[in-house]
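Quick heads-up: structures coming right below.
There are two complexes below, and they share chain A, which is joined by chain B in the first and by chain C in the second.
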Partner chain A sequence: MAACVKGLDKFTFSLRLIRNLQLQNERYLSTSLCRSAPESNADPPRFIPPSKPVIIDKTQPEASKRKFLSPEFIPPRQRTDPVKFSMERKDMIRRRKVLDIPEFYVGSILAVTMADPNASGKVNRFVGICIQRGGKGLGATFVLRNIINNQGVEICYEVYSPRIQKIEVLKLEKRLDDNLMYLRDALPEYSTVDPDMKPVNYSHTGEVPVNKIKVRMRPKPWSKRWERPNFDIQGIRFDLCLTPEQMAHAQKWAKPWEEYDMLKEYDTSQLEKEIFLEVQQEMNK
Partner chain B sequence: MRLTLQMLISHGRVARRMGLNPRSRIDMLRNILTGLVRHERIETTLARADEVRFYAEKLVDYAKKGDTDEKAMKMASFWLTEKDLVPKLFKVLAPRFETQSNGYTRMARLPNRQNLDRAKMAVLEYKGNPYPALYPVKKENELTLINQLLKGYREDRAQQLAAKS
Partner chain C sequence: MAAWSCRFLLQRGTRLISLRAAAESPVQLVGCVRTYMRKNEPWQRHEWTEGSRRVGLVAVKLGMAPIWTTTGERHVVTMLQVQDCHVIKYLPKEEYDGCTAALIVGGKNVSPFYRSESELEMFRNAGVPPKQKVTTFKVSDNALIKPGTPLYAAHFRPGQYVDVTAKSIGKGFQGVMKRWGFKGQPATHGQTKTHRRPGASGPGGDPAKVFKGKKMPGKMGNTYITAHGLKIWRVNTKHNVLYVHGSVPGHRNCLLKVRDTALPTRSSTLLNPPFPTYFSEEEADLDEDLYDDNLFFHTEPSLTLT
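Then we have the complex of A and B:
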């Protein structure tokens, strides 16, 4: 056995010598013969990466797509330097290039998968109806509500948190109000969302469907006096839970002059247009 | 009543507290604004003039939208308690300030009120009003020697230019 191995060694060594000689000869031969193509053996050809494919979606022309600017991009009326808002916008766009944050409104049903070190599989998924979108800039949040095992659960997610791995819109729709906190005092059937719900197809053109549902409430007392005009809620069936006297009593807190108070107006139309263009340009880069 | 810190701290609050309550403040400002639109120059306390100044300029901005605009008409009919001033706003004041984008009013301080309260007084006016100016414009005397020599020089230069061309 040992003798064979020794012999094998000598054999492989001699083979290697011959191979090297052959290679050297080839090199000499090649330089003498093929001078017209010098870079064929000396340098490998420079790697030119293939050009990125340009995907043109011809099914939906750009003009008909719904123009949506997420509300956290619009800066509030403050005395801060606009540089702060532009820097924040840059960071927000950077995050949006990594994670696709879809268009959604208060009243849409979302499913969020978030990284969780304590969960098995390291991710947890929560499905719920969006009841509030708050905050501006990188601290923007949205609250999802659902009822699981007869327990109402609300989770407040930060839109730009690095723990969020996926946001899916299962159903895109709007409601009559911007704030659905009254669902806490409504009957549980209005807050239950099936966790295994399949996403409903929605179009990217035209108007967002408005769900004009009017919610039935549990008997009073409620967490807030939703009938008062400062909340301005359209989506509750007050006629089933309050008497006309109670409704009239609630109107005592009405402030009819606020509608005409020009100091309280904040006209964002110009700002919105500029920021929308800026965001669109940056996202397409 | 919930006694919050918000009631004691007023950081960033733009609106002054006037009158008995917010409604009374708006009513008071409405009356002063109506008087300003009628007379185009009024005399009030400094604080009230300062508050009304903002609303006066915003009212002119709304009036510029034209009287066919529903929102503009609603605002004008709310803020002007005397309804014969609504056409004056749309037909006189809005065309007067068509070329300007802001700064339709001028405010100047007056000597304090002679009452016991010695309140700070101010006069508030819309620019372009028919009264004599608040700050009289000083006209330079043309009959001084230097001004006559300069006038002659200017005329000579104008003659030279006309002869060249």
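Then we have the complex of A and C:
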């Protein structure tokens, strides 16, 4: 048996040698064929240019490939002339071409640098979690909250103010609610954001990650009765601070007929599509 | 509601009328053109002098928006759009009041079906479609304009000051606290059924009467109010929109009368305005947007305060 194996080894080795030799011969044959062909024909071989190198620019922030339209572009349901909204949109696009206003949601952590005449260096930088996005058109605002030296601080910035020099998204995420004002009555650990936080990498395609955290609250009284159904808050741990009787009592203020009220419907899907196309075209010009 | 929806039906209606008129009476149209040929010469234009008054405009209130100066201060402006503003009639001073001449100017186009025959005749003489708001402007003799000329937003320039007159929003029958700002009475401490009443109505036995003009409850709003000395920050010549400082009486989409200020301290800003008005055929090289010097426009980079 061992002798056969040894014999096999030598056999395969010799086979490999022959195969390599054959390959080398083929290569020689192929090149020689190529060389021989043009000499016989009149026109030279067609020049195939080398493929272009793909340049990945990692210095600039990557453009988002998500289909996102900032909520301040959608006009409110009013009897206003559409001319007014279109003129405001033009101004908003002009500002966006100068200052990069990134995509962010309520619950994302942002850092804003603003020109301030009273600050040293004339510029101040504030990092915080976005708790509210309000206003439409040029007067759109967002509120950032943070706790600095055991003091809660909230600053309301206007998105299109010329004093804002830079808006960076340090962490892009959504929360279970559109309005996080209840963080004022929650434990301070949920509103603290490290001012020197480094930006967290986020993907520019696909869904935005939703942080399903349920926040623990301070003991009552709160600034607003967050358990009531008109606020419709999903992100608070009510089981730790309220009894089931209190929860049932809060449901007395429920308005179950509101979801069937047709006059309160405001379907913005068509408007959104048109405005999104318009904004994209103007930004790419 | 009716006025809002009528505007969109009107556009279809006017097109139908024009088609029908052209089909039915081509001869009449030719006749009209022949008569107007005689009165087709433009009127004499004079230069601006100190103390001359020029025409104003009729505009529509679109809405309000924020604005920022080059120093970073934030102000609010009202956007007024000049829609189809035409001069309709010239009243020489003998007909008007014996002192000054007047020009009648009309605003937004409107359906002819709901206007009386006398009004329609006035519009027909000017060669202009019927207007929703018709106002008179007192004008000095060197600022006369031929009836039928259109007036544009570029008539006003940024940096000028204007007075805006409009009917304020009607509040209906209101009590004395809202209408005149009376303090009312306390809510507790024994007050019997008296919390928002006017209280006393005047002195006692000597006059033994209530003076005329005593502030009492009544209909509030829906009267002409003028806002004086409003600065013009920006003029958009493409859509004919004026950006005017602060707020202006009236609801959205209401018609306003816009004139040069009567305030003496602001008259210095009115130096060499387009006189008697802005003619688009001659000054066709205006930019789409005219800005005031202190206004920050969004194509500039962000402010750095020093």
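We adopt the following convention: the second predicted complex is superposed on the first by the 221 of 285 C-alpha atoms of A that agree within 3 Å, B and C clash if a C-alpha of one lies under 4 Å from a C-alpha of the other, contacts with A are read in each partner's own complex, and residues count from 1 in each chain.
Please note the rule applied: a residue touches a chain if its C-beta (ideal position, glycine included) is under 8 Å from a C-beta of that chain, and two chains touch if they have at least 3 such contacts.
For clarity, every value in this text was computed on a predicted model and none was experimentally measured.
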Q) Which term applies to chain B and chain C once both are placed on chain A by superposition, clash or fit? A) fit
(Q) With both complexes superposed on chain A, which partner does A:E189 reach: first (chain B), second (chain C), both or neither? (A) neither
Q. If you stack the two complexes on chain A, which partner ends up touching A:W257: first (chain B), second (chain C), both, or neither?
A. first
Q: Have a look at where A:I164 lands relative to chain B and chain C in the superposition and call it first, second, both or neither.
A: second
Q: Please work out whether A:D100 is in contact with chain B alone, chain C alone, both, or neither, and reply first, second, both or neither.
A: neither
Q | Greater chain A contact set [chain C / chain B] | A | C
Q: Identify the partner contact of A:E274: answer first if only chain B is touched, second if only chain C is, both if each is, neither if none is.
A: neither
Q. Is A:R79 contacted by the first partner chain B, the second partner chain C, both or neither?
A. both
Q. Between chain B and chain C, what is the tightest CA to CA spacing in Å in the combined model?
A. 8
(Q) Residues of chain A that sit at the chain B interface in one complex and at the chain C interface in the other, please. (A) 78-79
Q.
Quick check on the complex: what are the chain A residues that touch chain C?
A. 78-81, 83-84, 87-88, 91-92, 94-95, 97-99, 115-117, 122-123, 137-139, 158, 160-165
**Q.** Complex contact set, residues of chain C against chain A
**A.** 4, 60, 62-63, 65-66, 68, 72, 74, 79, 81, 236, 239, 241, 252-253, 296-306
Q. For chain B, which residues count as touching chain A in their complex?
A. 12, 14-15, 22-23, 26, 54-55, 58-59, 62, 74-75, 78-79
Q | Complex interface listing, chain A residues touching chain B | A | 78-79, 255, 257, 260-263
